[in-house]
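Labels run A, B, C and D following the written order; every chain starts at residue 1.
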Amino acid sequence: MSAWLPRVTAAAGCGGSGRELARFGDLAALDAVLIGPIGPPGADDAGGAGRARARLAASPSGLVHTPAPALPVEHVVEDLLPWFRARGLPVVCAVRGGTAGAVADVLQELRRSLDFTTVAAVEVDLTTDREETRAAGVLGPTDRVGPWSADPQACLKLLASAREQLPRDLLLTAKLAGECPDPLATSRAAVGGGARALVLSGSVPAVGPPRQHLVGPAIGPVTLGLVTRIRAAIAAGRVPDVPLVAVGGVHDIRTARQARATGAAGVQLGTALLADPQVLWDVHQALTTVSPPPPVSDTTD
Amino acid sequence: MSAPLLHRRAGEVVANRPLGAYRQLSVVLPALATPARPGQFVITPPARADQVLPRTWWVAGERTEPGFGTTLELVVPDPPGGSGALPAPGDELLLTGPVGRGFGLPTTPVTAVVATQGAAGAAGRWLCERLRTVGCAVHLVSCADEPEQHVDLVLARRSADGVILTEPAGAEAALTSLTERVHPSVLYAVGPLSLSRTVAEVAAGTGAVSQVSGVDIGADGLCGHGLCGACDLPLHESAGSGSTVRPCAEGPVLRGGLVDWEAAQ
Amino acid sequence: MSAWLPRVTAAAGCGGSGRELARFGDLAALDAVLIGPIGPPGADDAGGAGRARARLAASPSGLVHTPAPALPVEHVVEDLLPWFRARGLPVVCAVRGGTAGAVADVLQELRRSLDFTTVAAVEVDLTTDREETRAAGVLGPTDRVGPWSADPQACLKLLASAREQLPRDLLLTAKLAGECPDPLATSRAAVGGGARALVLSGSVPAVGPPRQHLVGPAIGPVTLGLVTRIRAAIAAGRVPDVPLVAVGGVHDIRTARQARATGAAGVQLGTALLADPQVLWDVHQALTTVSPPPPVSDTTD
Amino acid sequence: MSAPLLHRRAGEVVANRPLGAYRQLSVVLPALATPARPGQFVITPPARADQVLPRTWWVAGERTEPGFGTTLELVVPDPPGGSGALPAPGDELLLTGPVGRGFGLPTTPVTAVVATQGAAGAAGRWLCERLRTVGCAVHLVSCADEPEQHVDLVLARRSADGVILTEPAGAEAALTSLTERVHPSVLYAVGPLSLSRTVAEVAAGTGAVSQVSGVDIGADGLCGHGLCGACDLPLHESAGSGSTVRPCAEGPVLRGGLVDWEAAQ
């Protein structure tokens, strides 16, 4: 658990391209800037008619949202990475794709960039729908077969293929959420495939049609439950020991500290930033200035 | 990155008056470094503890008195029962802004058309005043479903050379016939996207320039901070395949001709 | 879908023994009174030290709760049913048990009561943990093996065994919630076993240790999502056509109407009653006085 | 079922005063049919839109003036920053109650001990006054961590024949030695369950009767309406195996000797 991990970043889909955040505070004060979801070109085309915009509906102490449109990887490579690198800002790239090939393509494009040195970590989204290519004529070229996180074996392969694209020492993380039927099995598979940290989100599928999620303060207890379960599984040796990142309902200093007390090494802020981006710096500050508990042997008066 | 950082700060509400179907809040802030412009907005925290998204409101006027501060005028929908009360005079109001690009004013005196709808009418009226100040002839097209939803017509008639009232469904016809009559060099829209689209299309049809609001400031489901993607609009192919603009951060005022309105549905 | 179903009742664990509700309004004005969870004697004994009381912790727009202690069936038979029967009040018995045998025992006791005629429906809880008896010495006498709703086959058997205990025409319903990994399969199994309505709850497992749930207005969108999914499955012929009851985040007239508009024939109120029991009568009134939409053919001027 | 129905109704807050570490609210309601008694409480809606559980407060006094109405005194913890403000004078306050059985008063003048802790001290003081009215000698044991958390000592000293202050951890010792000294016929507890248990056990040890609060009115995680089961307490085996009592509905005042305190952990 000694690997580098940013203490706090934006959650995928909630930090814009990273540059919008720069209007509200000094990015250099943060451990890293998360950008994404980054997808292959056209990943979110709805019948070719352009990328679907996110839709947000208010619910009590929460939001129901559709996934954010993916940033096309070429935009990231051409516009964003150079901007971050010029400023010396480490970047976490959140990557989304329906097939292992799509994710690998994105990672390859990123890796080819002259500015790849500014990429400090890659987060692979297991909450998104997996697609399978079927025999021609049976079900169309691709078919949504439910979220990645519902299929540990597929997750293992996805992470292993992502791992291959990346330098050995680059932090690779995997994100799963309330859509995952067996978080232990999926966590084990993701780490088996090469993830070196797990991003655990309490976001829950909600309302219809599909692909909507309930997020925000309302789901904080679900996140804490997920972190508690995986911590317990790590303690019991049922999941390899990797640091956990809590996301979902972390919306201020108090809830960030609660997530850390529950066993999360890092946190991500989603909805909280939509209401007030400043919270990112407040939480970063609070988690930085926490003095570690005094060593037990320290009994000098 | 040399622009000053946007921070939430506390203003003091000095007035909260009814204005037709809306309410006009006057808020005093420390003096702004650069004057506010029509087309800018402010972001203010949610009204109730169980709401997570902030509220966005058009700025409808500004007055800076050195040594005293800046008074912003905000015209907002009268909140329905459930969505929480507006602050009363004497209350503190936290807000970020004024945010965003405002409307560009022509460098030469030309004829302009301003179309507005709903509470945005107050921002539209302010734009009319500014256009008149730089010598333009201005025609206001105010769209509303109900008579009391036209913002402050008395003042509007003083700020414009002509005022046309129409229901939203009649906006296109009204704009088309007005354009044929007065041949404006520029058309402005401040209000919902449907109005922006209509204005952009009427402008395109006559070869005029259009500047339109790219996000329906005041609507539900927006963060206003540029972080959520709910306001993204597709640009025309010429801007690069799949390009989008995020109006709450890059606008809210956009050139009407840049947006691919067809794909924006 | 023409079977009798109460338009609104308390949710299991949120209406006391039914009698506490009588302090706040006229029970006779309601379609029925739900009591429960009813369990076999000692069902909730924690090491014999008496029944564990419910614990409630506030969360944003919600509550995290442990399950309510079960009412011992003998108390229901001796004290409650006579009281309700004397007043002519139809009762819905919510029943909870870890094995099909335990549930069958409870139903048998109820059925034997001289006051059973006042029982108008039985709701079987599939959200609770199932127990399995293991070979002696392997894992102790019983072992929690996750919720009923995670095992459609077990649900089918449970409902079939419950059905056997009850008169043919008595309404039998099954309740599942956010702990259920495959709501379609479980719904199909429950109806296959003999359930004639499904109670769908958006309640989600949360925090740790196990057996805690997030409920309240916060989870309303999860309930609507579940109802939408099962309605769609019914429309597609993938689940037999039975009425649905929505529970979870229904907390006032507006959300009750929303649940009905989404396809629920009935609703249950949980947390809302804890804050103000009067809401039960308000919602009942609102759902009763809704005038049906005018028939399409009615074109007289 | 002939008891009148409990309904939420609107009262008017006529005072909101500091009282040591607490605040005292005076609320005017339509005149009560039966007078309130020490040991009763009221239920009031959550303070904030993102909270779902109601608040419960002890009634600390009552004054009914025919033709005017009933004024209830409510002594409540000063709410911490986050949990929402208390109503101000002139505000409406919705409440249900007074709810529940109060404390029973002895029919003959005996010696009584009243133990209290926290904001419940105000209800304890009221109980002392009532006991004195029926001729009892009353000793008050007030438990608190901090000096300012003892409710209104000046008035308390006037309402009791003796007042002993102690930290909660010292309650048992203080009650034991007091009991040995004054030989009370009855011990009362109003406050958290830990205090009720101590009082019940001290009473049992001396053969005295005890009446104790069975639910910590004012604590978090309670519905107060008898619906959630969070306040359930186990009764002694003699009451029937596995029997429980639901104090917020069947109490809040219980005979201390009925509860199986060992099993109540």
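Here is the rule we go by: a contact is a pair of C-beta atoms (placed from the backbone, for glycine too) under 8 Å apart; a residue touches a chain by one contact, two chains touch by 3 or more.
Given the structure is predicted, the values throughout are model-derived calculations rather than measurements.
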More contacts between chains, B-C or A-B: A-B
Chain whose mean Cα position lies farthest from chain C: B
Gap in Å, rounded to a whole number, between the CA centres of chain B and chain A: 35
Computed distance of Cα centres, chain D from chain B, in Å: 57
Separation of chain A from chain D, taking each centre as the mean of its C-alpha atoms, in whole Å: 50
Residue numbers of chain A (touch at least two other chains): 57, 60-62, 216-217
Where chain D touches two or more other chains, by residue: 49-51
Topology of the chain contact graph, where touching chains are joined (line, ring, star, complete, other): complete
Interfacial residue positions of chain C with respect to chain A in the complex: 57, 59-62, 64, 178, 181-182, 202, 204-209, 212, 214, 216-222, 224-225, 228-229, 232, 249
Interfacial residue positions of chain B with respect to chain D in the complex: 48-51, 84
Of chain D, residues touching chain C in the complex: 1, 3, 5-8, 45-46, 49-54, 220-223, 225-234, 241-242, 244, 246, 249, 260, 263-265
Complex interface listing, chain C residues touching chain D: 10, 13-16, 20-26, 41-42, 45, 49-51, 53-58, 60-63, 65, 68-69, 72, 87, 216-217, 251, 271, 273-278
Chain A to chain D touching residues, read off their complex: 60-61, 217
